[in-house]
Every structure is written in structure tokens, then in C-alpha cells.
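First subunit A sits with subunit B, and in the next complex the same chain sits with subunit C.
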Partner chain A sequence: MNPPPIADLTDVSFTYEDGTRALDGVSLRIKSGERIGLIGENGAGKSTLCKHLNGLFHPAKGKVLIDGEDVAKSKASHLARTVGYLFQNPDHQIFKSTVYDEVAFGPKNIGLRDNEVADRVERYLELTGLSDLAKSPPLMLSFGLRRMVTIASVLSMEQRLIILDEPTAWLDYGQAVLAKEAIRGRLASGAAMILVTHDLQLVAEMADRVVIMSGGRVVADGDAKKILSDPDILMKYGLDPPPLTKLANELLSEEAASEIFAVADFINAVKKKKWKASK
Partner chain B sequence: MSIISIRQVSFRYPKQDAPALSNVSLDIFPGELLALIGGDRAGKTTLCHMLNGLIPNLIRGELAGEIIIDGKPSSSYPQGGISRIVGLSLQDPESQLFTATVEEEVAFGPENLSIPPEEIDRRVTWALEVMGIENLRKKSPSALSGGQKQRLAIASVLSMLPKVIVLDEPLGMLDPRGRRDLIEILSRLAKEKGISVVISESRIDEFIEICDRVAIMHNGSLISSGSPSDAIASSDTLKTYGIEPPRLQILSELMISENLISQKQSFLGERRANEVLKSLIDREKGGVV
Partner chain C sequence: MSLMDMYVHRDTPIHRLDPRVKIILAVFLTIFCFFLSNILLLFGLFLLLQLLILSTGVSIKRYSSSLWLVGRFALIFVILWPFFDKTGETVLLDLSIYKVTLESLLRSLSLALRILVMASGWFLLLYSTTQSRLVRGLVKLGMPYDLGLSLSIALRYIPHFIETMDMIKDAQVSRGYEVDSGGPWRRVRNFIPVLIPTFVFALRTSEGISASLVSRGYGASPVRTYHRDIRVRHTDAALITLIVVSVPSAIILDLMNLISI
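And then the complex of A and B:
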């Protein structure tokens, strides 16, 4: 028998107290180890959807299963062993007085032994470049470093599904490189990821499946490269393609343009003169 | 003449060893669009807080040098006095939202300037439309998504129609269309209304081409200030300052090193990239015939 999907949503709807219908009949199945880029305009329902996966919200209608278990019947502490959530705003999740304690909190709470906790904390502080700041109070750090602390905290739990809401926003170049490497490490160990972001270049780098949401519904779901190289579908849902994709679609043949995800791809196409046919 | 003049300013937060800013001098001129770029802890946020008087009037610390805003030292303004001249949207939009509805949030600033109600209403509608959140007018700010909150925080600055608009990392939570719309409107405000716009960012892909001037900060110092093409001439240098180089600039550098285009044809943004590549294609196609 196949293992159950790590997350399975069936016909999920949700309305906020002020009447805003944020999810409208969403069905989505996420297999173990899948890397999903969840994209869509501001207010499309992306964060609301994710908050159903860790039990923060319960659906008004429909069902959410995590690892085969109904979220509505699971305790948050139980779900936290399987699902990790990096919030957009680091200040929504930081509450300990040192960076070390902040990162140790999760592993301690899932019952790891002291030496295992210490191991994890040290490993993830190093991966995120925070080892020297272990004793600092997180709230005295810059916004970018506070985000790095929360990334270390989430990754140190080593859950099987990690939800990352704009993981590289407000990080500078060096921090973003470290964060992406640390996340890739978790993915290589088989964790599934839902990457919520407006940075389509980041989606191209990290995801193999793309889900587009609009008005509380899933409006596209498929192979990441196929969707990301299709300016028409991106534009339709208010998502401007990245500059390189736009340039490729304007100048290169359709076939060549669909293969452009990095600068090196573009250079190769130029060398091979894969230009768009003249009108 | 400059609207804001920062002269040899250094600043250290209480209980911190290292200064947040060291001997920074920078003038901001009417109607210019200035990008303030740099990595984490470069000093961008501290400088933004200085441009609207939060430092030193509200945030205390050890300050040296002069901050002149619209002809007067910033410390000589009464509380709230600078907000008529300089509007600031903070990096974390939630920290500046506090009213019960979206429209009240945007009206709050102009109401404090004793502007007639009809004019306030016009400004609120305009700012909400510009930021694409007119449909959320009656909602509670707390019910908005992260990106919508960011749009609202910026709308609240726009409705003040200040002489200078300072936006500290405004693009982080905006969707791509929101980013493009914001950049377009800021550029129009600068050109048509003579408003100075300062955008602090560590990612510059989308707006570098339309800036009049780019100032690079690193470890509390101002490294350089000049035209976009001069300021960010090398992607390796940008990386050492913690700034992600624009992807099209990397493309340009690689095409030069592969002798596909000449040094003179280097490009930063989409418009110029398009021109250069089209001329390359025309030349090659011409060569075939």
C-alpha cells in the first residue's frame, strides 16, 4: 500500500469573521517529499490555506488530513511534530530570551534528549550563520537576522512538511544564500515543502510543482517549469513573470523560451541563435 | 537646493558597541527618486528613521553631525511636525497600523493636518486606488493579508502628500503586480509632483532602471552615491555589500565576457536589455542575408 499523502485537502472552504471568503472549495494533495511553490496575488488565500495545515484554522467545510490524520481531531502539539511553519513576520514567532533557547524550544518540546537538542541547535545555528549570536537576545537583532533565527527554529524541528512563507524576504544576499542552502538540506532529507512567495525566481530554483491561487481557489496546478515559463497564465493571475522570462519570451523562439530559468540558459540560447522568427 | 541634508552624521544606539551610522553625508533633492541599497545591518533603516526625525526626536542615542530638514535642524521641529514634510513607511507594516478600518487608517494623517473633509476623502480614495485596495476600504486592517497591510501602510503615507516619501523595504510582501504599480506611481509622483522618493531595499531588480540616483550603504557607512549604472557596475561588488545583483545585470556581464556584446552595450534593466538584444538579433539576421 502506498503511504498516505503528507497533506490531503478536500473541498476546503473558510470565511473570516468579517465575511471575507478566503478559501472556496480547495482540494489539494501533497505527496511526501514534494516541493511546491504556492503563488498568487496578495489576498489570494495562500496564507489562509497554509494555516489549515498546522491546525491554526479549521475548515468551515471540507476536510484536511495530515499524514492520514484529520487535523480537526489532532492536537496542535501532535501536528507540530509533522508540520513546520515559518511565518512572514518573525516577531510573530520569537519569544525566548536568547537565540540558542529560541532554536532549542521546538526540539525540546518534541521530547528529544538534551544531547540531541544541543546537536540540532548547533547544527542549525551554523547552517544559518548564527553560531556567534547564540547568546544574543533575538529581539535585539536586525530584522534580517531575526528572520534567520526563525528559519533555524523551524528547520531544527526536522518535520516532514515545512511551510515557508516568503523565507528570503528581508534577507540580504549572503543571508538568502545561507537560508536557501539550509532549506535545500532539509529537502534532500525528504521533507516536503510548501513555499509561499512572490519571488518567482525563487520558485524556479526551489520547487518542482507550482500551485496558483486566486480568489480563494486553486486555479492552476502543475509542473513548475511549465507554469513559470508561461507568461500568459502568470499574467492572468496578476503575477508578472521575472525579467529574464519576459526577455526570453520576447526575443527567443517559443521552444527556447520555455527552457530559460537561469542566466546560463539564456546565454546558451543566444549562442545557438534560437531567436524568435521574424514577423 | 536639497530638501534634506545629512551632514557628517554618526549614530550609536544605547548599549551598542558599534555605531549604526558612521560619518554619513547625503543630500536629498526635490523630485528625485533615490535608491538606498545595502545588505542587512548596512544602516538603511537607521538612516530612514533619521530622514523623518524619528531619530533623534523619538529614538534616542548618541548622535553627532547635522540633520537639516526643509531648512531647519530636525531636532527643532515640534512633535509630529516633520510628518507634514517627510512620510515614512516602516519595514514592518503592522507596527504602524492602529485604526479600526482601512479608510480611517489612510485618513488619520491628513485629519491631523486640519485639511477639509472633502479633500481628505479625495486623498483617501486616491491613495487606496493607487495601492489597489479601494475594495478593502471598510475592512479592519487586522483582517488583511501581509501584502495588503503593506499596501495600506504605503497608502497612509501617500495620503499625506508629503514633500519626501521614504519607504523602508516596501517590496518584501507585495505581489509582482503590486511592486510594479508601486514603482510606477512613485516614479510619477517624483516627476509630476516634484515629490522626492527614497526607497531602501536590498533587492533592486525591479526598480534600479528608473532611479535617478543610487546610494550604497555598508556597515553604517555610505559607500557611494551616483547613477544606477555607475553605482552597481559590478555584480561581485554588490554581493560583497550583501546586495543581490539584478539578474539582467549578471546576464549583461556574462554576455560581455563571452564577447556577445560590447562593454558599451552593458544593460541593467529590461528596457535597455531589450534594445541591446534586439540590435544584436538584427545585426545577426542582417549578416545572414
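And then the complex of A and C:
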């Protein structure tokens, strides 16, 4: 028998107090280990959907199950054991006096033993390049480093589903590489990911499935390569295809573009084309 | 929605009044409520203010939720009053420590009405006056411009801070933290992880705003000009006179026991 999906949304609708209908009959199944890129214009309902997954919001209609448990009957603080949520702004969570304590805050909340907490904090500080800053006050760090602290503090809880809202925004190149590696490390152990971003190149690098939302509805859901290489569907929902895909579409062919999501893919395709031409 | 973000986008006679008329009315009503105890006068005034407030176009649902914020305090006064005031001869209820007499009930109702009248004056002002006109009115009444600008910025940012505080709370709850659990003292302590980031956010925001103001030339010239100024019309002047004369007169008449019930 197949294990239950880590998240199962059935016909979920939600309306804000001011009357804005943010979700309209959304159904979605997320299996363990899936890497989903959740994309769409601002106001499409992405954040509202994610807040249903960790219990911050309860659906007005429909059902959200996390690991078989009804979200409407659970508290967000309890669901934090299963679902991690990286918020965009690091200043919305940092309050401890040292980086170490800030990263330890989540693991302590979910009741891990002290030695386990210490082990996780040290591991994720190492992975995010923050080990030397463990005793520094996090509020005094640069914005990019504060962002890295929040990434470490969410990953250190090691939940089975992690929701990442623009995880590489405001990071410099080196920080972004470290952050992506740390996230990939978590995913390698079987965690599922929902990546919310406007950066489709990042989606191309990190996701194997893409869900497009528009007007509170899921309007496309499928293989990342197929959707990201389809400029028509992306542009229909106000999304700009990844730069490499656009370049490949322009210089090579539509077929080649559907396989190009990284610089190395592009170089290989160009070499292949040159080689064919020389024959 | 915060109390400071209550403006109703309409064009009614109340909206068109000079903000100074409404500020003076709210201030005079506040003073009036400290002195007046006549329950019928207070009730009549309360009803009149409700009509004026509803004429601003605010929906009954929205207004009733705002009024309830104040109304519950008024209700608590009415409920708790008999614990402290057991005087009066007409006993309505006697439970030993909780004795309600007609006289004490009337006094507690008068106190509740004072709170409601006082709040209604400010509701009328905030529903029908944009923040910029409110600050222009205060500056015209003598408030220093710097203070007026600070007040205007503070008012504008209150909803933003509330929204930010909610987001911070969500972020901490998402890390498994229990904000709303335990007894009252525990709950206050639980809020520390929410309050510290909110405070830091406020400091960072104010630093950003002041740098932005200075970089756009704020304070470079001692003389200010205004794109949209406010002027007192005949109706405004007549209303200011009416308020300034009638409110103190009512207080004097009440204090001299010349209004009898």
C-alpha cells in the first residue's frame, strides 16, 4: 500500500475578512520527497495556500490533511513538527541574542533533547557557513546573513515538508550557493519541498514539479521541465520563462529548450549543435 | 483594522467639514464627559452622534465592531460598579457583596454613556477625516509642524505595524512556539519573541523613514508651502461657535442643577 501523501488538499477555498477570495477550490497532493515550485503572479494565492499547509489558516471550505492529520483540528505550533516555513523577511523572526540560540529555538520548541539540539544547530550552522558567527548577535548581522540564520533555523527542525518563500532573495552568490546546497541536503533525506518564488531559474534548478496559481486556483500542475519550457502557458499567467530557456528557444530550438535549465545544459547543447554543423 | 485607519472614503457634508470643527467637537465632548452626569442629556447626545456617524457612510457592521471595542469597557463598568457603590434606597438586587440599587445603576449607566459619547466624538472625526487633513487641522490649531508630521507618519504606520506583528507571530508559531497558551503572566512572557522583532522592525523602519526624509530635503527650508491647504468656511465657523458656546453652557447648567430629570 502506498504511504499517504504528506499533504492532501481537497477543494480548499478561503476568503479573507475584507471579502477577497484567496483560494477557490484548490486540490493538491504532495508526496514525500516531491520538489514543487509554486509560482504565480502576486496575489495569486500562493502564500495563502502555504499558510493552510502549516495550520496558520484553516479552510473555509474543503479539507487539508498533513500526514493524514486534519489541519482544522491541529494547532500551527503542533504542525511545526511536520511542516517548516521559511518566511521572506528574516526580521520577522529573529529575537535571540546569539545566532546559536536563534537556530536552537525551533528544535527546542519541538521537544528535542539538548544533545540532539546541539548536534543539529552545529550541523546547520556549518552547512550555512555560520559556524564562526555562532556567538554573534543575529540582529547585528547583514541582511543576507540574517536570512541565512533563518534558513538554518528552519532546516534544523528537519520537518518532512518545508515551505520556502523566496529562499535565495537578497543573498549574494556565495550565500545562495550555500543555501541551495543546505536545502538539497534536507531534500536528499526524503523531505518534500514547496518553493514559492518569482525566480523561475531557481525553480528550474530545484523543482521537479511545477504548480501555477492564478486567481486563487491551480491553473497548471505538472512536470517542471514541461511547464518551464512552455513560454505560452508561462506568459499567459504573467510569468517570465527562465533566461536560459528563453535563450535556448531563440538560438537553438523549442525541443532543445525543453531540456535546458542550467548553464552546463546550454553549453552542451551549443557544443552539440556546433559539432553537427561541422559534420 | 486599527482605530487609526478608519477613514471612510465618501463625500458627505461631515467629510467636507473643516477638520478643525471635528477636532474641536471631539475635544469638547471629551471635556464635557468629565463634567456632565445628566443621563438623559448624555443619552440624547449619544443618539445624535450615532446619526452623525452613520451619515458618514460607514457600514453598520463595521461601525458596530468599532463601537463594541469601547462598548465592552462600558459594559464592564456597569457590571463591576455595584461592587464599589452600594448607596441608594431602591434595591433592585441584593447578593450581599453585590448590591444593585436604582441610584447606583443610573450612575454606572451615566459613566458608561460618558465613555460612549467620548468615543463617538473621536469615531466621527476618524471616519470622516483623512490622516493628512487631520494633521493639517492639528497644525493649524497650533501643533508644531514637525510634531504634526511625526504624528501623521505614526498614524499611517500603525496598521503596518499591526500587520507586521501578526506576521511575526505567524513566523514564531511556525517554529513550534506556543504564543497563546498558559495563564495571563505566561501569555505576557510568551509574547517576548513577538515583541522583540516588532520593536527592532519599528526602529529599522523609523531609521529608514528619517534617512528618506532628509535625502528628500526635509528641513532644508524654514518656510513651508502646502499643496492642499484647508480653509474655514461660513458653515465651519458657525459650527465651531455653536460647539464652543453650547458645550460649556450645558456643563454649567448641569453643574448648577438647572437641567432636571
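The working rule: the second predicted complex is superposed on the first by the 273 of 279 C-alpha atoms of A that agree within 3 Å, B and C clash if a C-alpha of one lies under 4 Å from a C-alpha of the other, contacts with A are read in each partner's own complex, and residues count from 1 in each chain.
The rule is short, and it goes like this: a contact is a pair of C-beta atoms (placed from the backbone, for glycine too) under 8 Å apart; a residue touches a chain by one contact, two chains touch by 3 or more.
Predicted model, so just to flag it, every value in this text is computed and none were measured.
Engineer: Following the superposition defined at the top, how do subunit B and subunit C come out on subunit A, clash or fit?
Structural biologist: Clash - subunit B and subunit C, as placed by superposing on subunit A, overlap.
Engineer: Answer with first, second, both or neither: which of subunit B and subunit C does A:91 touch in the superposed model?
Structural biologist: In the superposition, A:91 contacts both subunit B and subunit C.
Engineer: By the touch definition at the top of the document, which applies to A:73: first (subunit B), second (subunit C), both, or neither?
Structural biologist: A:73: touches no partner chain.
Engineer: Going by the contact rule set out at the top, does A:173 touch subunit B (first), subunit C (second), both, or neither?
Structural biologist: Touch status of A:173: first partner only.
Engineer: If we overlay the two complexes on their shared chain A, which of subunit B and subunit C does A:16 touch? Say first, second, both or neither.
Structural biologist: After superposition on chain A, A:16 lies in contact with subunit B alone.
Engineer: Between subunit B (first) and subunit C (second), which does A:51 come into contact with in this model arrangement: first, second, both, or neither?
Structural biologist: Second partner only, subunit C.
Engineer: Regarding the shared-chain residue A:243, is it in contact with subunit B (first), subunit C (second), both, or neither?
Structural biologist: The answer is first: A:243 touches subunit B but not subunit C.
Engineer: What's your read, subunit B or subunit C touching more residues of subunit A?
Structural biologist: Touching more of subunit A: B.
Engineer: Let me test your reading of the model: by the given contact rule, A:139 touches which partner, first (subunit B), second (subunit C), both or neither?
Structural biologist: In the superposition, A:139 touches subunit C alone.
Engineer: Considering only the stretches 2-10, 20-28, 38-46 or 74-82 of subunit B, report the one that runs into subunit C.
Structural biologist: For subunit B, the listed stretch overlapping subunit C after superposition is 74-82.
Engineer: Is there a shared patch on subunit A that both subunit B and subunit C touch, and which residues make it up?
Structural biologist: Comparing the two interfaces on subunit A, one with subunit B and one with subunit C, the shared residues are 89, 91.
Engineer: What residues of subunit B sit close enough to touch subunit A in their complex?
Structural biologist: Per the touch definition, subunit B meets subunit A at residues 38-42, 45, 91-92, 94, 139-140, 143-148, 151, 169, 172-180, 202, 205-206, 238-239, 242-244, 246-248, 250-251, 254-255, 258, 260, 269-270, 273-274, 277-278, 280-281, 284-285.
Engineer: Help me check something: in the complex, which residues belonging to subunit C touch subunit A?
Structural biologist: 164, 167-168, 170-179, 192-193, 196-197, 200-201, 204
Engineer: Tell me, which parts of subunit A touch subunit B in their complex?
Structural biologist: Going by the criterion above, the answer is residues 16-18, 20, 40-43, 46-47, 88-89, 91, 142-145, 165-166, 169-176, 198, 200-201, 238-240, 242-244, 246-247, 250-251, 263-264, 266-267, 270-271, 273, 275, 278.
Engineer: Mind listing the subunit A positions that touch subunit C in their complex?
Structural biologist: 51, 54, 56, 75-78, 80-81, 83-85, 87, 89, 91-95, 105-106, 109-110, 139, 153-154, 157
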